[in-house]
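What follows is a pair of complexes built around chain A, which joins chain B in one and chain C in the other.
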Partner chain A sequence: MPNDGHLQRGNALIALALPAETENGGFHAPGLEDLHLPEILPWGAEYGTGFGKQMLLVLLSIALISWFLVAASRRGAMVPGKFQFLGEYSYSFVRNSVGKDVIGERDFRPFIPLLVSLFFFILVNNLFGSIPLLQLPTTSHVGTAYALAGIVYVFWIGLGIKKHGLRYFKVATVPSGVPKAILPLIVVIEIISTFFVRPITHSLRLFATMLSGHLIIALSAAGSSFLLLEADGLLKPLGLLTLAGGVGMYLFEILIQVLQAYVFVLLTAIYIQGSLAEDH
Partner chain B sequence: MNNAVILAAEGANPLIPNVWEIVVTVIGFAILLFIVSKFVVPAFEKTYEERSAAIEGGIAKAEAAQAEANAALESYKQQLTDARTEANRIREEARAEGAQILADLKEKAAAESARITEQAHVQIEAERQAAVASLRNEVGTLATALAGKIVGESLADDARSARVVDRFLSDLESQQSAGASK
Partner chain C sequence: MEVHGSLNLIGYGLSAIGGGIGVGLVFAAYINGVARQPEAQRVLQPIAFLGLALTEALAILGLVFSFVIGA
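Coming up: the complex of A and B.
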């Protein structure tokens, strides 16, 4: 964004800015190192806590979502106001379009809290990347993505065992109606794809899209800043081009952030449905 | 592990997580999940149920009101028909009663007039009898005196004269009745 870089260079607010360092007048593209911001509690660093902006934003998101959902649901008026309507609309989107449609009318109710919590948590943490000053999608840190995918992974395996007992592993890996000859091969593929690849893709999809989007925006912001302020006369107008491109990417990134939250929750629902299914 | 954390903090390999970020995320998400399942979902579900109950209740109420209105209309129509029948019946009865009263009155008047006529007849007869009796006495006396004077003969003998008069009168009466029968 335009406010990145030059305004806050050498400023105490550096923790909130995306750095666009210019060394000796040359352009230095922001890399992964620049996205890892200084820690807020530096004394904790000795113990490896690295309590930084990302963790602060995670906690902020918990407070924001809890406040929003509780406030929107508490009144429970027959004819909802705008605020209640917004809460109900997004709640029923997850409840019906994801939970009910994927898991099925009969079984979906116990999973509403998990799906709703996941959706709002990822949505808000993704959108942090598009809110000025916050400007960090917390899910672009792989730890958060691993944590969420790990929770879901443990949850659907536990659910499958609870539903089928140990027979669940047979249900999950041995598809019915496959010829005996190729069955061993299929079982190996199923084991790898279900129990190993699935959690990795689940977490990395979220993490990678957020990180790359974040990098693209940081790059276009830093590039615009450099071109407009530091470049030679003829190159300066190109800064406007990168700025326009950056704004376009910013808007596109909002779409991606919402979409990834939806995709993550949708996959969670599909995994839950798979655990409940009688047959593979 | 410490190594990995430091590497991540330096951003050397983006796939190596900061363990504390995982811890914070898991704890934070657990808190969120607790709040959502404890307060948010029950509240939203309750609102949904109340709303659908209110809508269904409203429909049921409207149907009940409609049925009630139909019943009331039916009952009013019935009452109206009853009232018309009743009015007709009363009118018929009144007409019949009027005719009855008229007939009674006519009969009574006829009886009264018959009674008066009868009474008048009786009275006239009685008066006639009285007149006949009184005439018989006086005519006898007068006729005797007149005849005595005419014939010069004393007709003082009352018994004889009375017989003569009686005979005369019974002749007269028989002539009269003969005349009447004629």
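Coming up: the complex of A and C.
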């Protein structure tokens, strides 16, 4: 088999060539492994339960949010200052344009605490990706996103069962006004899309946008530093272009971070509204 | 010239075309609606972002699968 021998030799050549390339200070594109920083307190690190940077950031975010909300609402002045205005504006944004508009005027009140705390938690944890020195969105770790979407998943299914009893599963999966002939097909699609795909996309949307945004910024930073410092003379000016592009992506990323917090809370409100609705 | 890397990323790039067109259509309709009737903006905004989220989910599933399936 001459072909096999050729292939193997080729693979061996690639394997030999790769380490040599990185030793020469070649360009190393940032990948997923760069997001897994070494753990600070590696208890049970072999089970993946060590205390890493993301967990520290979660604790920091809880302290920040509590301080912000308490400080913004301490002096309930009639004419709010800038600080109080910021707190009240963001609270009433979630309350009115997410809660009231989506769930409906009649029964949105019990869900305001859930929506507001989810919004602030996700917003601050996303914005950690754009704060210098911290520079890591907590939600770019898939565990954070799974936990948040899991809470919401259990919440809206529980809410539907509380409201309708076991009839909820019929309400959620059998749409009215569909011809009998295609009903079985529709019901199967509804079951898959409601109970399986919904929590997956709900969590992965947050996780994947944060991860990819973080990777893009890391890539443009690594690319600019390589081009400016190590590339050959003619390629150096290209470093300025990638640097400008990186700054642009950094600003765009702040927009995405706020938008994803809004989208997550909006979808939560839509799911809650769906479990409260009388028919499909 | 030798090229290294995973073909998955090319596949992801192709699949992102669909998501890109979809998001474009959603926002085109939203901008049209608001331009015709500015006072409908509050009603249209959650619908537009829901459409964005649902369309974007396809591109995101593509991104995740390009990492997960094979190397």
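Basically, the second predicted complex is superposed on the first by the 251 of 280 C-alpha atoms of A that agree within 3 Å, B and C clash if a C-alpha of one lies under 4 Å from a C-alpha of the other, contacts with A are read in each partner's own complex, and residues count from 1 in each chain.
Operating definition for what follows: a residue touches a chain if its C-beta (ideal position, glycine included) is under 8 Å from a C-beta of that chain, and two chains touch if they have at least 3 such contacts.
Keep in mind that what you see is a predicted model, and the values were worked out from it rather than measured.
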Contacts of A:E230 with chain B and chain C, given as first, second, both or neither: neither
Chain B versus chain C as contact partner of A:S97, first or second or both or neither: second
Contacts of A:S61 with chain B and chain C, given as first, second, both or neither: first
Chain B versus chain C as contact partner of A:I112, first or second or both or neither: first
Contacts of A:T209 with chain B and chain C, given as first, second, both or neither: second
Which of chain B and chain C A:T201 touches, first, second, both or neither: second
First, second, both or neither for A:I270, with chain B first and chain C second: second
Per-residue touch tally on chain A - higher for chain B or for chain C: B
Partner chain(s) touched by A:I151 [first = chain B, second = chain C, both, neither]: first
Which superposed partner A:Y262 touches (first chain B, second chain C, both, neither): second
Residues of chain A at both interfaces, chain B in one complex, chain C in the other: 32, 204
Partner chain C, residues of chain A touching it in the complex: 14, 32, 97-98, 101-102, 201, 204-205, 208-209, 212, 259, 262-263, 266-267, 270
Residues of chain A that touch chain B when the two form their complex: 31-36, 39, 45, 48-51, 54-55, 58-59, 61-62, 65-66, 69-70, 73-74, 76-78, 87-88, 91-92, 95, 112-114, 116-118, 120-121, 141-144, 146-148, 150-151, 204, 207, 211
Residue numbers on chain B that touch chain A, as the complex places them: 2, 5-6, 8-12, 14-22, 24-26, 28-29, 31-33, 35-37, 39-41, 43-48, 50-51, 54
In the complex with chain A, residue positions of chain C that touch it: 2, 4, 42-43, 45-46, 49-50, 52-53, 56-57, 60-61, 63-64, 67
